[in-house]
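Pasting a structure here, questions to come.
Going by the order they are written in, the chains are A, B, C and D; count residues from 1 in each one.
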Amino acid sequence: MRRVTVVLCTCCSTLLEKIDFDRLRSVFSSSPLVRRVLITDSLCEKNACENLGLKDDGRIVVAACSSRLLEAAFGKPSLVEFVNIREQCAWACGSREEATLKAIRLVKGGVQKALRVSQPPGVEGLKITREALVIGGGIAGVRCALDIADAGYRVYIVEKEPSIGGVMAQLDKTFPTLDCSICVEGPLLSEAGRNKNITIIPNAEVVEVKGRVGDFKVRVRVNPTYVDPDKCNGCGECVNVCPVYQPNKYDADLKPVKAIYCPFAQAVPLKYVINMDHCVECGLCMKACTRAAINLGDEPKNVELNVGAIVVAVGSDLFDPRLKPEYHYGEYENVITNMEFERIICASGPTGGVLLRRDGKPAKRVAFIQCVGSRESGPGIEECSYYCCAASMKEARLILEHDREARVFIFYNELRAFGKGWEDLLYRRCLEEGVVFIRSRPSEIRRIGNGSLQIVYEDTLTGRRGELEVDMVVLALGFKPSWRMVELARRLGVTVDKHGFIQEAHAKMKPLETRVRGVFVAGTCHGPRDIVESAVEGSGAAALVTSLFRRSSLRLPEAAEVSAEKCTGCGRCLSSCEYRAIVREGDKVRVLESVCNGCGACLATCPQEAITLGNWGLEQLAPQVSAMLED
Amino acid sequence: MSLALYPGCVIRTVHPEVEKAVKETLSRLGVSFQEKTEASCCAPSWFFSLSREAWLRLNERNMRIFKSTVVTACDDCFASLSDAFRVLASRNGVKPPEVKPFQALLLERLREVKPRLGFTGLRCAVQHSCRFLRPSGRGLDNPEDPKIVKSVLEMLGFLPVSYERELDCCGGFLSDENIGREMARVKAGSAEKAGADCIVATCSHCMLRLSPVSNIPVLHLAQLSAFSLGLDPVQAGFPEALLRRMVKR
Amino acid sequence: MIEKLREKGAGNPFKCVQCGSCTSACPVNLIQEGFNPRRIVGSLARFNRIPDQDPWLCSTCSLCSERCPQGVDPLSIILVLRAVLYENGGTAPAGVLKMVEQVKETGLAFSPTLESRERRRLLGLPEAGLSTEGLREVRRILSEAGFK
Amino acid sequence: MAWKPRVIVFTCWCSSSGVDQAGFEGFTYPPNVSTIRVPCSAIINPSLIVKAFEKGADAVLVTACRPSELRSVAPSRITEARVSLLRRLLKTIGVEEDRLRILWISSNEGGLFSREVSRILGEVERLGPLNIGGRMVEQG
């Protein structure tokens, strides 16, 4: 016959005059259900549990103050039932008699509940696979992987492009100090390539994620590159013989490369890949390859990874300027995006760093248009995209560095130079070098005669309308996550916000965690950021991962469980779960432990009562209620 | 199912030859229609903004008269009717009758019928009417690069010509005369500079505004479609100057 | 003040960030600097005051509403301003009032003239114009809507 | 001694700190109100509330935190829907609507809780004891 130990706390004897503890002791020590009754005066002391000898008592009812203080003291093993006889009883009742009667009633209820408490809440001692997966090889992902590897844990970087580096590798210079972007990121990339704890998986994407924090099973599909990375030593013989040219996404489709190519000189891994959409399979490269590394019949491979934590650092796409027809991007050739501008002004770019128009003539008068796709209620996003004002000012200074006589105009709406060094190194310097800032959002770009462009705008500071003739217009694009991000979020089980950025668990308290425990986020994939902020978040996520790995074992809070026999797969519980932690599996349903928040909303919706959650089922609560109502 | 025809009051009184051309074009393309003479003015927003209530009530009467799909020859009527019907439909939950501009119907029929038409070589500058293109929510044509009228002209055997001021406003509904005339003069001049033989409009107010200031004739799309479908040019209202140019081509 | 305009279907002036897109798109502003849709929306949103510009100068081509990134729809604000000014005793341009008179008289904004009737007859077109019963109905609607 | 209504209060994690705060600030409320703390208001099974009435409770209160306060998701909305549905059902077997109530108590609204409890107890006293125990058993 199960019995319960009742522990009463007088809260340093302050409750003695409010509650008749002797009467309590006599009522409960005579009850057959109670093993023994202990009265103590300070349960919240450091090791109250030990010196009361409660270690092996199993079921205990603790009648004392609000359980948050005691929970910490008792370490919350599940077989303890807390009853509040201080704030809700002693202090809330008028007379000692009333308080005593109420205390008896509450403890009776506690006893009934304690008798029926079963297995401990949550699962103790879960094993943790101390390996991490970083999705995305941009500055955030690489920074995060390096920090985790330095802490001594294995890291996989899954990157969808042939090389890691992300957007930062495409930039010419970075703001505010105008130091060369690839010179800053290159060493990081090669270090990541050399680090024995880091495994880079290029040309790959995450297809499926299962399991819980500490034990994720991730299926990764590696797209065929038709060149065996182990054999290829990057000699480049194949490129010389390849007859086919194709646009190179790295160079924003401006500088063609052969069908077999390496994205950029500092690529890591420095291996060649074949783009099968353009390859005519003539086989010349195979003959030229001294190490027989090329196999045109390559097939996509699936790689299974078992990791303990996942960091999403996939970055974000930029706004498609075609959604703003009035700027005629794609129709007028000298209207380009800021990414294309970075490639043109870059020494390794299509024009070797000389700012030329598409027709080869030098661009002497250049205009920047800000907030294209940001801060608007139209097709873009409603937020400010954080980086473009600084980027445009940096690019303006680059133009003037290359060509002193050039004239640069920046059409801004609210110029934002809030970062470290932005005001003096960018804005002041631009003003001194003669960049013209016009507060206006041009309504249209017109093409006149010889291919140069005319910007129709109203200078809102003077209220005068103007038409400015320029050689080239650069559109400062905001961020706009594409459908790929929403698809990845769905596979990971995390949610996205209204723009498509990944939703963090709490904007202020948990900025780098997501709804799913063990899945962290860093970089522009969860909001507009610049390079510095992305790197900071990369290190932040790495810190969270390493602190997770340092724990000896893992305790998950109570998660609901579905008993397979009772579940008929009706799916009523699916809609009741606000955290979307229940998923269909075959004709049954399954609860994702790492997502479930233990709120219990699904319990009541299940017609078969197939779902249980720790000790909050009907058979535990009903007797407690009826005990409290007996007279 | 026959369409309701509503040519619009300007066309009925100031440009009757356009009404004739519309009717000829529709019948030659096998479109059965009934003219609804009972329908009143479409109360366009530019002067009925004085009282929104009157605009809605007048068009409520028109909605009862039309009942089925309506085709209009003037884009101003098209915009006013379709906006009013949408507001009325949402108010009393009834499905609004569809309002089709003449050029959209013409494009559909030409694509179905595919008549074999001679190539006249007449260079036409299209006056895109703002009511048809904007707000882009109407989803009929791309406001920055309109194609419907141009493709109709090509099918009819004419040569659409693009010109610099193509998307500018014709100055249509302005109450201050000289601003309106100035805008129209700039537009017509730009069309003429691009070597167009005539200006093709699909809205009666554009025609009212452009004809007095333009050296080249201003015609409605229906007049051209009627002519290429075989109607005698004089009946379609072609001025002699244009006839001489066409003979020269 | 703004609520009254909003009820009559005007756009929300408070969403305006004063970026100047509408004014630079406005064809009338090209010719006359005085007419500035940005200032019209601005004076409403920031000073809650009816702008001192004449809303009848607008050619209602709705380029401003098309180009506005914040979806403020300045055209609807200008149209409602016209109605508000007319109701509070302001004058509407003569041409507009003439149109309204003709609609009251013949049910059509451009009433048939002798010359146009003749040309219609030549082209074999039926008589233009409403039946008397239709006309009476139109007049009733107009007077109920406040057009005396 | 005079009949006193017996009330069961289910409090969720956040609102229970509100209830504690009432005691902490010395607001007293009648003693025959017993509270049961649950992780979240959505865990309360409607059949548990029916059982409480069956076992002799004269009124049942559910305190939950306001939907906007809770993080991005709000199980409180589910509780609100369940309780309002249950109130209509219970009316059909003679349990007046006022006997089952939801109170939006955030963690610092102790005073609100005690005022509400006293007001509701006054109303329940006016309604008199609820003896549906027998009737419920008959209907099975």
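Operating definition for what follows: a residue touches a chain if its C-beta (ideal position, glycine included) is under 8 Å from a C-beta of that chain, and two chains touch if they have at least 3 such contacts.
Small disclaimer: the values here were computed from a predicted structure and weren't measured.
Novice: On the document's contact criterion, could you list the chains that touch chain A and likewise touch chain B?
Specialist: Both-contact set = C.
Novice: Where is the C-beta contact count highest, in terms of which two chains?
Specialist: Greatest count of contact pairs is found between chains B-C.
Novice: Measuring between Cα centroids, which chain is at the maximum distance from chain C?
Specialist: Between chain C and the rest, the longest centre separation is with D.
Novice: I'd like to verify one number: the distance from the centre of chain B to the centre of chain D, where each centre is the average of its C-alpha atoms, in whole angstrom.
Specialist: Taking the mean C-alpha position of each chain, the two centres sit 68 Å apart.
Novice: Can you give the whole-Å distance between the Cα centres of chain A and chain D?
Specialist: Here the centre of chain D sits 40 Å away from the centre of chain A.
Novice: So how far apart, in whole Å, are chain B and chain C when each is placed at the average of its C-alpha atoms?
Specialist: Those two chain centres are 20 Å apart.
Novice: Starting from the mean Cα coordinates of chain A and chain C, work out the distance between those two points in Å.
Specialist: Those two chain centres are 51 Å apart.
Novice: Could you tell me which residues belong to chain A and also touch two or more other chains?
Specialist: In chain A, the residues touching two or more other chains are 326.
Novice: Quick one: which residues in chain B touch 2 or more of the other chains?
Specialist: 143
Novice: Taking each residue of chain D in turn, which ones touch at least two of the other chains?
Specialist: none
Novice: Go ahead and list every pair of chains that touch.
Specialist: Per the contact definition above, the touching pairs are A-B, A-C, A-D, B-C.
Novice: Spell out the residues on chain C that touch chain A in their complex, using ranges where they run on.
Specialist: 15, 17-25, 29-30, 33, 36, 38-39, 63, 67, 69-71
Novice: Of all residues in chain D, which touch chain A in the complex?
Specialist: 6, 8, 16-17, 19-24, 26-29, 31-32, 34-40, 42-48, 51-52, 55-57, 71-75, 78, 82, 114
Novice: Show which residues of chain A lie in contact with chain B when the two form their complex.
Specialist: Residues in contact with chain B: 325-326, 328, 331, 446, 448.
Novice: Under the stated contact criterion, what part of chain B meets chain A in this complex?
Specialist: 142-145, 164
Novice: Which chain A residues qualify as touching chain D in the complex?
Specialist: Residue positions touching the partner: 66-68, 82, 84, 86-94, 98-99, 101-102, 105-106, 109, 503, 505-506, 558, 576, 578-579, 598-601, 603-604, 613, 616, 618, 621-622, 624-626, 628-629.
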